[in-house]
Amino acid sequence: MLEDNYASRISSDNRIVYLNGKKVDLILEEPVFKGAINKIKSYYRLQEEKPEVHTAIDNNGLRYAISLMLPKSQEDLQKKRISYKEVSELSYGMLGRTPDFISSAIAIIASNSEILGTSEKANFSQNAINYYEFCKRKNIFVAHAAINPQIDRSKSIGEIDNKYSGVKVVRETDNGIIVSGAKMIVTLGAIADELLVFNMPGLRTGDEDFAVAFSLPVGAVGVKQICRKALNHTELSRFDHPIASAFDEIDTYLILEEVEVPWDRVLVYKDVGMSNAFYDKTNARNHTGHQGIVRGLTKAEIVTGTAIKLAKNMGLDKFPNVLEKLGAMTTSLELMKGAIHLCEYTAKVDDKGVYSPNFLTIQALRYHFPQWYQTMVQTIQSFAAGSMLAVPHKEDFNNHNASMLLEALNGPLIDAKERCVLLNLAWDLSGDGFGQRQQSYEFYHAGDPMRIAGMHYRDYNVEICNKLTDEIICDSLI
Amino acid sequence: MLEDNYASRISSDNRIVYLNGKKVDLILEEPVFKGAINKIKSYYRLQEEKPEVHTAIDNNGLRYAISLMLPKSQEDLQKKRISYKEVSELSYGMLGRTPDFISSAIAIIASNSEILGTSEKANFSQNAINYYEFCKRKNIFVAHAAINPQIDRSKSIGEIDNKYSGVKVVRETDNGIIVSGAKMIVTLGAIADELLVFNMPGLRTGDEDFAVAFSLPVGAVGVKQICRKALNHTELSRFDHPIASAFDEIDTYLILEEVEVPWDRVLVYKDVGMSNAFYDKTNARNHTGHQGIVRGLTKAEIVTGTAIKLAKNMGLDKFPNVLEKLGAMTTSLELMKGAIHLCEYTAKVDDKGVYSPNFLTIQALRYHFPQWYQTMVQTIQSFAAGSMLAVPHKEDFNNHNASMLLEALNGPLIDAKERCVLLNLAWDLSGDGFGQRQQSYEFYHAGDPMRIAGMHYRDYNVEICNKLTDEIICDSLI
Amino acid sequence: MLEDNYASRISSDNRIVYLNGKKVDLILEEPVFKGAINKIKSYYRLQEEKPEVHTAIDNNGLRYAISLMLPKSQEDLQKKRISYKEVSELSYGMLGRTPDFISSAIAIIASNSEILGTSEKANFSQNAINYYEFCKRKNIFVAHAAINPQIDRSKSIGEIDNKYSGVKVVRETDNGIIVSGAKMIVTLGAIADELLVFNMPGLRTGDEDFAVAFSLPVGAVGVKQICRKALNHTELSRFDHPIASAFDEIDTYLILEEVEVPWDRVLVYKDVGMSNAFYDKTNARNHTGHQGIVRGLTKAEIVTGTAIKLAKNMGLDKFPNVLEKLGAMTTSLELMKGAIHLCEYTAKVDDKGVYSPNFLTIQALRYHFPQWYQTMVQTIQSFAAGSMLAVPHKEDFNNHNASMLLEALNGPLIDAKERCVLLNLAWDLSGDGFGQRQQSYEFYHAGDPMRIAGMHYRDYNVEICNKLTDEIICDSLI
Amino acid sequence: MLEDNYASRISSDNRIVYLNGKKVDLILEEPVFKGAINKIKSYYRLQEEKPEVHTAIDNNGLRYAISLMLPKSQEDLQKKRISYKEVSELSYGMLGRTPDFISSAIAIIASNSEILGTSEKANFSQNAINYYEFCKRKNIFVAHAAINPQIDRSKSIGEIDNKYSGVKVVRETDNGIIVSGAKMIVTLGAIADELLVFNMPGLRTGDEDFAVAFSLPVGAVGVKQICRKALNHTELSRFDHPIASAFDEIDTYLILEEVEVPWDRVLVYKDVGMSNAFYDKTNARNHTGHQGIVRGLTKAEIVTGTAIKLAKNMGLDKFPNVLEKLGAMTTSLELMKGAIHLCEYTAKVDDKGVYSPNFLTIQALRYHFPQWYQTMVQTIQSFAAGSMLAVPHKEDFNNHNASMLLEALNGPLIDAKERCVLLNLAWDLSGDGFGQRQQSYEFYHAGDPMRIAGMHYRDYNVEICNKLTDEIICDSLI
């Protein structure tokens, strides 16, 4: 039922989405979208199948998605983690922006909304609280649009001579603000209910017109989304592309053309400091980061499982260097679990009693994980090697060559078809555009790793490091 | 004219090729094959356009492809290198098995054919010489089928209980031998004239029935090729996939079912030692390796050029770490040139006066190059990052969104469309299945890098290393 | 007082220790040993200064070193960790084998001593318990001798034709067993009270005579230790070698010549299975591993602190690539903390209620940590670069060149002498034999990283990995 | 005789050299210097033993060191290379600054001296020519002093408020110029005849007073050198430190206090542009770079030889991963040879017919070589592992433990003493300060690798890269 509501919502709001240069009229029927829509449906289904895991009940008796819950203890954080994990397993960790991602942010932004303040025209703080309640009640899927198109990375957006360098206030009216411009990589935006539009920290003086944050329905007038080329292979079967034909996360290029955002949907307005504080000082990133590293673990697990199966079935698992590579994977999994645990254990409690996972632990993992993931992907490439590029098509098993192929590709440990599917899975994860987008996602979805590291050093408590060093130096001075 | 002859040959021989489970009836019309066929045509065209570079003339006045020339001096090796380089540029180094690859082997095998010997049934040595003359005269495109399917990597092929673990002699007749079995990754086999079937070194006692080498026409009775799934995007434009829609090298899975090979086409017959000597002791690999590293240079150059263009046009080329990455690429190019030069300069001359490039120099580069190439690909991924995943479809520039996109994606240094093509090229080379197959190719086409290194150590002259070490140790003993 | 007792014990037992080919007569006076002895003294002093942190009280009211405490809760594990951490800071993590290391093993071996069983001649199980009580009561420093000399790594010790390939039972008497042979890298053995002699797992059938474990006093008749060359610079000042002149951990080559071990000191006797179980099945390695990773954290902290001070004072900390390197260090510290935490949080409780830290978490860190540490050391090398090799000697500041050097080497952020000490510290940690031995220690003290990884894969629970993989494959089969 | 002249020169000029805070009175007797002095003596001896290799004859019949020869053909470059190689083998490539290093620069600077021009006070161009002739005639050993102390890397030397930030003109007189200041890492300066003082490119406007180049005798009034702490172990034997006790290259910190340099010794005077051109536009670095990479090859060879001997004698050379590591070393050697060859083959000829090796080839190798060398050193560490830290002292073989140790450390493939020396050599090359200084040297002696790469990209001909890229993009634009 929840899933039907969702399907009905996204198919009836006249949203404007372009795919391959054509407007998509029937969202639910578009083969490219079907896989992802099914995953979102299964996300809603989980809430009905396992309400004890995936929902919470508020003081008014309202049952709502647990991702929106404000954790009041470490146990609450663990509960959220368990839900994140099960949700991520629906897509093998390959959908980065399931509804729980931004929901976790919406909750904490509301909780810390006093930061947002008020103006003559709008009470931004109250708007955040109201939007939170709205999301709880409606159980909607909010995507986010935060990344400004990279026209010239050596300039701030206000300096770039291009009105699509971000989303910009054109003018204000009594009803609200009129915005125009663009955002890129709006993941799953084409099939979400709403968009949360904001900027990542980094705006500078002079960027005021771009310094906004607000929410709006995907179907609002003036909202247009242009999909990048699809990475799933809708024309091919699961046999041929076990995961890459199943779904694609669909990133869109978002265009806003004179879109009116009512005052009660505005969260930040022409305020560079507030725009920079929005995702950071509200602790939003602590909670999305928590979801993110839990999801990342699932992705690492399926890749590890695939490597193990390859090693076993291709006769490789007796070689010490192969075993080392598998151990490099399992040790990485364990260190991920350590970091997930630590970010909960050292969560910060605010004065409202809300727990936010330790962001510096999350960032520590985010710096190392992409490198581990890349090593994992390379391990799969080295195990499957040329064999990945010697797999017949599904239909070759349905014509008169079938019996010959069944015999020819049969191994002592795995039969011909399973061998083909396994090698195709290896290809999807390591060689196909699907798998490489997944790798790129891990490297860049949370920002440039070089900057993640630099910021980690800047913010990390290195008191003990300095103390030990100064002690030696002091003892050694003459 | 040469290209027409080629097209006419491959379209009229009733070859049996399966693609996506369906037999391809009109080879020339198949969209998946068209790109590669065009590249082979342009290879033949080069011989007519620049005969002084791409052909040689023999003592009988016959003009023939220079790849078949037996080099009698370092200058001859340089001439062949210049031709290899121009041929590789036709496909930006992305077609690994253009006709010049195996042709270079056919020549040297003929020259050293005394190794192959004779038997009662056949004069293998003379067969090799005749085949060489045949290739010169006919100017045909020979592909090779050398890799046995990896059913169980812990066993020798004779031990595997699967009659498709290689190509096997079933019986012999007065006319020739009857063979059955399979080979994998027969690159471009679907559009070649002939196949040279042999084994890479590594067969063991007990593998006698598989220990054969021979040539045969692709259209011979009983020959069947099953293509892997295509990696080019025939449904998409060059705009959307600048290189990945242009062509695919098409690897096939080759099945031989009771194929008769006449005695005069047999080169090795049930002889494990000879099978292992075929590619190695004839110096075949010295010449194919020479072509291979020259082609690899072109591939590295296009990838470097793409990285440079990205850095310049995305506003990245002021950052020292970006400059270092570009320098890592150009220094690698230079070291490649050093190795190419050295393998020619230290070429071995045999008693017939034929020069074979130094195989140990080639292998040295083959061990390092895949790692460099991977770094290059990762550099492209890091420069293009998320922007690669935010490119509209070609058709988005042909509908009413066009003018808006032209404005929105316009940069100070590059206009919207060129920017899109550049990012799409970056994706093709680094993220798309096309690009990853190219990376896998570099890692594995010449064998497992771990074994390449181990063999290099085994064969390398380390006398000076040992002398210096022994000298210190001797001076230090008490 | 505790420290005096220790000093008195090790200086009065007629131990036989050779250094630079000469027998050391006055252990306490030997300059090479002084630094390490002082560190062990400070270890004992800590117990008196902070008894609440470094000691526990047993049911009989006996106050004893907390490292010998059997943890009955996660809180107990945390208490032990806090003590380990403070102990490690005494030596900046550079003494790997402080007394708490093997003490943690002695406790758990006693607790799990039923594994050791009994024989006609001895009750091994009771011996372990008695030895534990003895250690508690005497507060002694036990070193261990476990590594067999690597004469030929391709053979088991029983196969090697050399009676010093391990420690071997020569014969037995009514009083005990007579052993001869050798062990290598007996760290701090020269200044310990006792030695725990055993084998790491890995003995094979045929190695029975070597399959022993026992304890004995360092001064026992027939025990001889030969030190490797010292790595501290006793002739130089702290100024010149801030840490490398302070102490050396002193590894010895241990020779036993017809040493009699009384039956009540024998723990394993000619039993390959039991010898292999001794360190593993008793959970000894879980507890020494816990101490080890906590100590490793301290080492990483001093190295990080040194890198930070270099970056700040050499004017480097504005460069993004320098900041990334510092962040690579702080993120590694945080992941270490995550692993330390997780190994406690997922500690296994046995049926006696004793908690043993999760060994697989410890091993996960042990596989990754050496690589991180090496990167840290390389970072210091890259920051200090040539400047490390341009530091005058301490005495240059005490002659007529002093004022000139004080001016010449003065920087805007750090004065000449502190700059010199800092660069000398950088050298000690990254360039000097002292620092490289520390790096080697991290790589090899817990076994070959390749084997650590392979064993981790073998023992790790990969159920969820396999489940996710099988699910995709199952969904994709036709 | 040549060697005696050298010894006599350096011992009779009243040079001022401090070691460990004390002035060295008898240069020839100082144990720290003896090893290096002997190597320089053997350099001179080579000229007498093999004049056909190590000397050339000029038009006036003067026989002079071949490093000073101006190569007029590729053959001449090869001759110089052969001499460089033999010279480098004297020290196993571990002395980076043997006389041939800067001599090769002195020759080409003279040849291109028109760049230096003239002023009212001095004819810089003629000075360079005269100095070249002087060096030829006197066969002296010139060291160089080029690196300014790194007080604050974020500033240019003129901005730093410290008069020792470089060597500075204090005033001029009729006789010459008066300079004061400092240079660091003047390698072998303590035992050279003369110093060539200059700046590496990189000075900026405002640095005029530091923009000088000149030569002067080491014994000139006001010249003072302060040695860094010695890295050779003069108190230990070759047995204990097979190479690290043999010699140390002795870097000094050079102080000039009001030193007068006669006008005929001045090469650059208060001219930032000329100072930056001095090492670069004269092609000096092409020739010193040529010597440097040839010497680097020798160093890589001794390290490879040591790794091979370890692998063989420790029973490791059957493991595939060990063989790969050895192959990684031999393939690197071969690529080095390729680069050496290419830089000669593509040498640039100037209008005087002088050949200068291709600097971009040299820099390409310089970027990759330090990484290879580091890998080689790590390979030795992994092969020797703990065993390096379990070697008795030489004197242990001279006391009553000798026979026992001879038996205990005897292996099936290598006897006890040779095993000890081999492991000690492994330690010297990979763990000792000696070996790590060698590694640092490779990383930094030619400048920061990050900058080497960036400059390589800036200067490299990437025309073909751009052409190929533009061709694809052009073909793909709509």
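Letters are used for the chains, namely A, B, C and D, taken in the order the chains are written, and counting of residues starts over at 1 for each.
One rule holds for everything that comes next: a residue touches a chain if its C-beta (ideal position, glycine included) is under 8 Å from a C-beta of that chain, and two chains touch if they have at least 3 such contacts.
The model shown is predicted, which means the values in this text are computed figures rather than measured ones.
Novice: Starting at chain B, how many touching-chain steps does it take at least to reach chain D?
Specialist: The fewest touching-chain steps linking chain B to chain D number 1.
Novice: Let me check something: if the centre of a chain is the mean of its CA atoms, which chain is farthest from chain A?
Specialist: Centroid comparison gives D as the farthest chain from chain A.
Novice: Report which interface contains more C-beta contacts, comparing A-C against B-C.
Specialist: Most C-beta pairs in contact, of the two: A-C.
Novice: For chain B versus chain C, what separation do you get between their C-alpha means, in angstrom?
Specialist: 52
Novice: Suppose each chain is reduced to the average of its Cα coordinates; what separation in Å results between chain C and chain D?
Specialist: 39
Novice: Measure off the straight-line distance from the CA centroid of chain A to the CA centroid of chain C, and report it in whole Å.
Specialist: Between these chains, centre-to-centre, one finds 42 Å.
Novice: Provide the list of chain D residues touching at least two other chains, using ranges where the numbers run on.
Specialist: 320-321, 394, 397, 450
Novice: Please output the residues of chain B touching chain D within their complex, sorted ascending.
Specialist: Touch list, chain B to chain D: 89, 92, 237-239, 242-243, 246, 298, 301-302, 304-306, 308-309, 320-321, 323-335, 337-343, 345, 360-361, 363-365, 367-368, 394, 397, 417-418, 421-422, 424-425, 449-458, 460, 462, 464-470, 472-473, 475-478.
Novice: Name, in rising order, each residue of chain D that touches chain A in their complex.
Specialist: Interface residues on chain D, with respect to chain A: 319-321.
Novice: Looking at the complex, which residues from chain A come into contact with chain B?
Specialist: So the residues of chain A in touch with chain B come to 18-22, 147, 149-155, 160-164, 182, 184-185, 224, 226-229, 236, 240, 251, 253, 255, 257, 314-316, 318, 321, 374, 378, 381-382, 385-399, 401, 404-405, 407-413, 427, 430-433, 435-437, 439-440, 443-444, 448, 450.
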